[in-house]
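There are two complexes below, and they share chain A, which is joined by chain B in the first and by chain C in the second.
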Partner chain A sequence: MATSSALSSAYGRPKPTGGLELWSWVFMRVSGLLLLVLALGHLVIMHLINSVDAIDYDFVARRYIGWFWRSYDLLMLVLAMVHGLNGLRVILDDYLHQPVQRRIAAWLLYGIGGALTALGIVAVVVFQPPSSVGVP
Partner chain B sequence: MAHVRLKIQRFNPEMDSAPQWREYTVEAEPTDRVLDALHAVKWHHDGSLAFRRSCAHGVCGSDAMMINGKNRLACKLLIKDLKQPIVVEPMRGFAVVKDLIVDQTKFFEKYRSVKPYLIAEEPPPATERLQSPKQQERFEDTTKCILCGACTTSCPSFWANGEYVGPAAIVQAHRFLFDSRDQGAEERLEVLNKASGVWRCRTIFNCTDACPRGINVTKAIVEVQNLLVAHAKQGSTTDAAQ
Partner chain C sequence: MSRYRGGIGQWSWMFHRITGVGVLVFLCLHILDTFLIVLGPEHYNAIIAWYRHPVFRVSEVGLFACVLYHSLNGVRIILFEAWTGLVRWHRQMFYVQMAIFAVCMLPVTYLMLRPVFGR
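Up next, the complex of A and B:
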């Protein structure tokens, strides 16, 4: 009996679960589901309801008068970029084994990915529709 | 008796610079197993052929190898069910010791890392530690593992990243994590929550296909992933309450 409790206590205090890998796994599942809805919605609106010929500057400007479509696009952009970048991060971890290679690849990935995401966010947030748009 | 053609990958690190293929034709019954054909090669054609086998009846897991592109036990596969020439290779992802024998040192290191034994804090009761049939059913599937290594060496995530703990070790962890008598969850989950743990699984299902015991390996891995998430959620609720 004494042996059994001595054995168990010898393992020390366990660390709590959580951490980057766990939450990034959860994020991939949640964002994957959300993107399925958002991207399919985007596809239906842009290619089935509206013809590609009808989509021009005015069309986008009209959509961006309010915040609903901006928020929709912003959410889709951020989720898609983070989902994609995290997927690439995991693949790089699988195939690159040298710590130096991993570090360089990670910096390139976050640099390029971060810059593209920032560019997208600026385009969605800063865009000002001309006052003439939306006037019938 | 019929002619059976075999194409076997041979490698002797003391003599060869790279593995090479050799073809053999042996006499065997169609209802014989691949292991019998390998025995025929070794006993009557080329005594230098090296492979592992022990019980020869699908119980010990010694003769797992890649047969016609899939990881199988040579003692469970009938010749009549296979296209000829039967292509036999060592399992992928491990260093080859000789011919079909691979170095399983790291495989068993990973197996030991998940503490595949009952951990119970409480002193043992006077009789046995009781468990209901339903509680036993919860981990019944993963008790079937014979540690042949067919799942881990069929896993592309493991081929790419040898640090990955691998399906076999996760199956072993699952067997104890879902055992109502076991109290070692925290210790095992700590190992499985690392970057080299369960998160490297991409649900490719090669492991499930490869398992000669028909264990739902991918399902077991996902159950461990979900258990970790549930623990993390529980942990964050406890932290918030404090």
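Up next, the complex of A and C:
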């Protein structure tokens, strides 16, 4: 379709016709919409409703007594890292053309990205607020 | 950076990439600083104090701007893909997007930088 191909070349990535690339294309849109709410919500809560002057260990400990903000942060973390790493993969594919370059880039991307995501998940899941927090 | 035909389509696309990479770099650093919460209050509070430095506060406004631009531009891409006829109004839609961006960033910048000026 002439309109859609002209549109794609000017605005977004052309929609892949199938396989993993189609899933990646769909994921970027679905996760993008979810992150619009989660990440902008996170910024509004942390920087407008609260501020960096209010954020410290006790602030996080009070927030992490329940499961709600932990789940929120966990979902945002995983979606943002996969969305970001996949976006960077698409960008790198535009600049790296030799298979060996792409292989090295992919290993670095998934290695470093995977390790950081795991570290973030550990922090969100493992952190135990001290028992003194939350007692009025 | 590659340059294609120029104009709004190319610039909005290039900014989408730049803001995306910028937010990803911050996110990686943010995972590392947040991880210090596991090690105890003295480590976490020490690193979080950096965020109150004026240079960081200005960078945080930049981060907000990157996330907001990337979100709005992403929504515009999704709208184009859903209704291809909208491409006729692509210029107007970009202006509307940037108007929303400016209207949001004015109070955000004021609220986030107020402490720098002692208010």
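Here is the rule we use: the second predicted complex is superposed on the first by the 118 of 136 C-alpha atoms of A that agree within 3 Å, B and C clash if a C-alpha of one lies under 4 Å from a C-alpha of the other, contacts with A are read in each partner's own complex, and residues count from 1 in each chain.
Keep in mind that, in the parts below, a residue touches a chain if its C-beta (ideal position, glycine included) is under 8 Å from a C-beta of that chain, and two chains touch if they have at least 3 such contacts.
Here the structure is a predicted model, which means the values were calculated and not measured.
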Original post:
Is A:D93 touching the first partner chain B, the second partner chain C, both, or neither of them?
Top reply: first
**OP:** In the overlay, answer first, second, both or neither for which of chain B and chain C A:V52 touches.
**Re:** second
**OP:** Going by the touch definition up top, name the partner, chain B or chain C, that contacts more of chain A.
**Re:** C
Original post:
Counting only touches as set out at the top, which of chain B and chain C does A:G19 meet: first, second, both, neither?
Top reply: first
Subject >> Overlap of chain C and chain B interfaces on chain A (superposed complexes) >> reply: 1, 4, 11, 15, 94
Subject >> Residues of chain C that touch chain A when the two form their complex >> reply: 2, 4-5, 9-10, 12-13, 17, 20-21, 23-24, 27-28, 31-32, 34-35, 37-38, 40-41, 44-45, 48, 51-52, 56-57, 60, 63-64, 67-68, 71, 74-78, 80-81, 84-85, 87, 90, 108, 111-112, 115
**OP:** State the interface residues of chain A toward chain C in the complex, per the touch definition above.
**Re:** 1, 3-4, 6-7, 9-12, 15, 29, 32-33, 35-36, 39-40, 43, 47-48, 51-53, 55-58, 60, 77, 80-81, 84-85, 87-88, 91, 94, 112, 116-117, 119-120, 122-123, 126-127
**OP:** Name, in rising order, each residue of chain B that touches chain A in their complex.
**Re:** 119-124, 157, 160-161, 183-184, 186-187, 189-190, 193-195, 197, 199-200, 225, 228-229, 231-232, 235-236
Original post:
How about chain A: which of its residues touch chain B in the complex?
Top reply: 1, 4-5, 8, 11, 14-19, 21-26, 90, 93-95, 97
